[in-house]
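Order as written gives the chain letters A, B, C and D; numbering starts at 1 within each chain.
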Amino acid sequence: MEFGPYLMLASLEGAVTAAVLALTAVGLSLVFGVMRVVNVAHGEFFMLGAVLAWWIATTMGGHPAAGFAAALIVAPILVGVIAAAADMTILKRVDYDPERTIVVTIGLLYIIQQLTLMTYGPEARPVEPPFNTRLALPWIEWGENGLGLYWPWGLSTTTYKLAVIGAAAVVLIGVWLLMTRTRIGLVMRATQLDREMAQAFGIPVERIYALVFGLGAALAALGAVLIVPIQQAHYLMGGDPLLLSFIVVIIGGLGSLPGTVVAAILIGMSDGIISVFFTPTLAKILATLLVALVLVFRPQGLFGARPA
Amino acid sequence: MTLLGARMLSKDFGGLHAVRNVDIDVPEGQIRALIGPNGAGKTTLIGLICGRLAPTSGTVRFADQDISHLPAHRRIRLGIAYTFQITSIFDRLTLHENVALAVRRLGGDPATEVPAALDRVGLLQHQRRLAGDLSYGHQRLLEIAMGLAQKPRLLILDEPTQGLSDSEIDAFKALIRDLKSETTILLIEHNMSVVMETADIITVLNFGEVLAEGTPSAIRANPDVQAAYLGTG
Amino acid sequence: MLELQHIDTGYGSAQVLRELSLTVQSGEIHCLLGRNGAGKTTTMKAITGLMPLWAGRIVLDGAEIGALPAHERAKTGIGYIPQGRRLFTELTVAQNLEIGLMTRGASGAVRDRVLDLFPRLRERLHQRAQTLSGGEQQMLATARALCIEPKVLLLDEPTEGLQPSMIDAIRTVITRLRDAGTAILLVEQRIDAVLSVADRVTFIENGRGRETLAARDLHAQDTIIERYMGV
Amino acid sequence: MTETQKSLALHFGLLALLFALQFILPAYHHGNLSRIMVLATYAIGYNLLFGYTGLLSLGHAMFFAAGMYGMGLMIRHLGFTPAPALLIGVLAGLALSAAVGALALRTTGVAFMIVTLMFAQAGYLIILYFGEWTRGDEGFVIQQVQRSLWGIDLSDPTARYFAAWMLFSACLALSLWLIRHPFGRTLIAIRENESRAQMLGYDVFRHKLGAVVLSGTISAAAGAAYALLFGYAGASFATVQYSILPLLWVLLGGAGTLIGPFLGTLFTFYLIDIASAFTTAYMLVVGIVLVALTLFARQGIGGEIRARLWNWLP
């Protein structure tokens, strides 16, 4: 394949990565924004979403679409409930102290991961996509008859991949509307801006925290359900999304939702594209070092405003 | 000789002028009080002098040296000691270790100098206790002992008598008078009896600017000062 | 009527309030005076539940509320105007009021009444709170607390950093509320600002309540003011 | 006895006990204890930064691995003998910790944790990237013939135990001396109240950098010794898991106590050892212990002993 079509293919793959990453990172960003804590177990909630999706789809049987639809609804809810329970039993008791929260969520990470290993096992298992029609894509080229279209071999995507991108966009718009247009969103933002004053005005901050923590985990789980038909569910699959979400949230400016989405698209796309031209390991090394340096020299993120 | 001199010192926070064009000169050996209503910029001004805050403009000189660009710890090393307004001590260390940290930085011998400093503020019998277990008033005295142990050329005391009982305040006044021969003192204080009885010169700040400067009796008689404090002429 | 009975509280292991007792009657402006660090703001936070009660009782209209968590306490009718206003800065004026209205499920009529008290806020409903001037922010903080329809209103240094015309406006609203039967607890540094509006004054020193006097008796007693305020 | 004498008696008593144990322990536990002493040395290094300076790093595996690979690669590719290779391993840790410290210390709190985590992750990936030399995840074995130091075969259990004991003793004695030294006292002061330490005239940044370098160098020494004594270097020692483990050991044993790192390492080692007899998911134990410690016993074993029994415990 020539360079042009190759780049287009890479961008399409990158867009799928970016879509799922945006969901996962927005979940992490929401938790950080409202609660001011870093959830290191976020990647494990992603993994749980994928594993539960496999479990639900397999239990349902029947047409793949039915199983997948059930997983799409049930898995994020289940994961959200588990996360909310973890918040109420553990995080609340360390008073959301930032450093202690990191340590307990590291503990949670191991607990979730290892319990999954004990029950689900070490295998990677696929979930069948509900629909998956291959779409060949055209490329424009100067030919003998001037500008013309042709269909290079290998340049294609599937209806499912396009649906993932669409679904992520819809959910992200939904989150945005929830935060800006609804009462519960208003309450969450008030809690984020001044926890004490929120309490002084009757907002049950503890319940809001449990809700936000659950919502953040559910978003990660949703991203995972969307990706399992493309990747497989495995008990160690949480590491990469965690690292990439961290990178996205930091580049996008800690706690800023629009910044997070922009950064997710940037990182997801460039991860896809760089991986085509460099080895994925080198790409990750560069990205990781870049993020560390961003935190050192521009802690408000690339898109965040410098506080006065 | 002028020990501390600030010229046209200003500090803005966002749009707020916390300190505006302040000139202040403290000669060696003087006890200078800095007073003013809440929010007048006293603590901000002190922060600029010790380097805890960076000025928006202006310069600070100390002992014939421009210290405007030195970080806080370098200024301290030149002989400025600072006691915090909101007590800032090492809660989980003993009183002895709190003061020893001050002594050791100067290369002194903690075994002799620590008890001496604690004795001056009347805390010697508590030296093995943890600082966090002291009452608030005693914690303030510990702050002063840490300041003394640094043998400073300039001792800055930020509201040292806050939380002290009447008898402790009397002891504090005696201590300040006693220190006059050893060091220069810059005292931020709300308690007027302390200010009037100990200060040589009083500088009054209001809305970030110097409103008046003079001897205690002159300040007491100054109608602008009364207006600033009491809001009535 | 709000009653504090022998309350103790503090941060971590440091005790701030010691057996503080205080009564604020409905329809009175009761002022807390004392030096920096004496425990005035802590008293307010203890009433709102933002500081845990170590000992003692807080009684509002005959009901003990000291054990309620902070968010439940607001629903009993305690309106809080904290020092430094502490608005939800990135939210609009309307949204700040909305938070106040939600506390006790107040109606649109309450919102209208509150906005009638502060017409300038009505003009700025969709402006973000942080873009308001200092005086307007204080109005919003007051309005937000009034959306609770409070039985007790706690004001912590409401005139700090305001120009005289704003101070007058705030004072007018406070006296109107008092006349309508609200119990008002006020913390102020500027004594003149206090003496002209307060009915009674309590001095607080090292976390203990010392003396409670009628404000009109205070004019004659400069020594008391000097003792507790150090002015 | 004065408190100083008590503390010296306790710590040198522990060293004497460990020395004596080699003559009575069965082979299995004998081998374990060698390993535990090397890992406890790593924990001592971690504790200097976390327990005594109050800086929580999530990236110490990079220092451990710097020592391990700094030493191992010299032997494997350049044919170094163990002594200079060990030195290079330690120097690699020193250089890396100075560079990482100078950057990461510009941040505080959570940002410091994440920056160290990121640097360590980059370090792990670099080891994978240069798989030709490092053999990546698979790692490489250091042959028995290459593990002879001054004529002593370090693959021999007795020699290995003694070497591990020497390393552990040296680092324990060093930290015992350090926390009585003004530099160590100042680190404690910074942990307790950073702005106060600064306003007493201490250069906080330089002290913190000193702590990072010391901590990183001791960690590197442990990493180098581990590879040399047990004959293997692998990328798994550079993963996040190996940054979390010293945190766990120190939290469990008691952060800011000298004996804590050893107690925590000993306890965790046997806990995982026992758990892995029942399940492959033995890291579950680590997770549960981390959560339980954070919730119920923030001071760890050493901290509880200090709070309840011996208030002189340094």
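Just so it is clear, a contact is a pair of C-beta atoms (placed from the backbone, for glycine too) under 8 Å apart; a residue touches a chain by one contact, two chains touch by 3 or more.
Everything numeric in this text was worked out from a predicted model, so none of it was measured.
J.: Using the touch definition from the top, list the chains contacting both chain B and chain C.
T.: Per touch definition, common to chain B and chain C: zero chains.
J.: Counting contact pairs per chain pair, which pair wins?
T.: Highest contact count among chain pairs: A-D.
J.: What is the chain whose Cα centroid lies farthest from the Cα centroid of chain A?
T.: That would be chain B.
J.: Would you kindly tell me how far, in whole Å, the mean C-alpha position of chain D lies from that of chain C?
T.: 54
J.: Could you please state the distance in Å, as a whole number, between where the Cα atoms of chain A are centred and where those of chain D are centred?
T.: That pair's centroid distance is 34 Å.
J.: In whole angstrom, how far does the Cα centroid of chain A sit from the Cα centroid of chain C?
T.: So the centroids are 44 Å from each other.
J.: Mind listing each pair of touching chains for me?
T.: All chain pairs meeting the touch criterion are A-C, A-D, B-C, B-D.
J.: Across the complex, what residues on chain A touch chain D?
T.: The contact residues of chain A facing chain D are 38, 90, 93-94, 98-100, 102-104, 106-115, 117-118, 122, 243, 246, 250, 279, 281-282, 284-285, 288-289, 291-293, 295-297, 299.
J.: Which positions of chain C touch chain B when the two form their complex?
T.: Its residues touching chain B are 13-14, 35-37, 160-161, 189-193, 206, 226, 229-231.
J.: Show which residues of chain B lie in contact with chain D when the two form their complex.
T.: 50, 52, 72-73, 76-77, 82, 84, 88-93, 97, 100-102, 104-105, 146, 150
J.: Give the list of chain D residues in touch with chain B in this complex.
T.: Counting only chain D, the residues touching chain B are 182, 185-186, 188-189, 192-193, 195-204.
J.: Residue numbers of chain A touching chain C in their complex, please.
T.: Chain A reaches chain C through residues 183, 186-187, 189-190, 193-194, 196-205.
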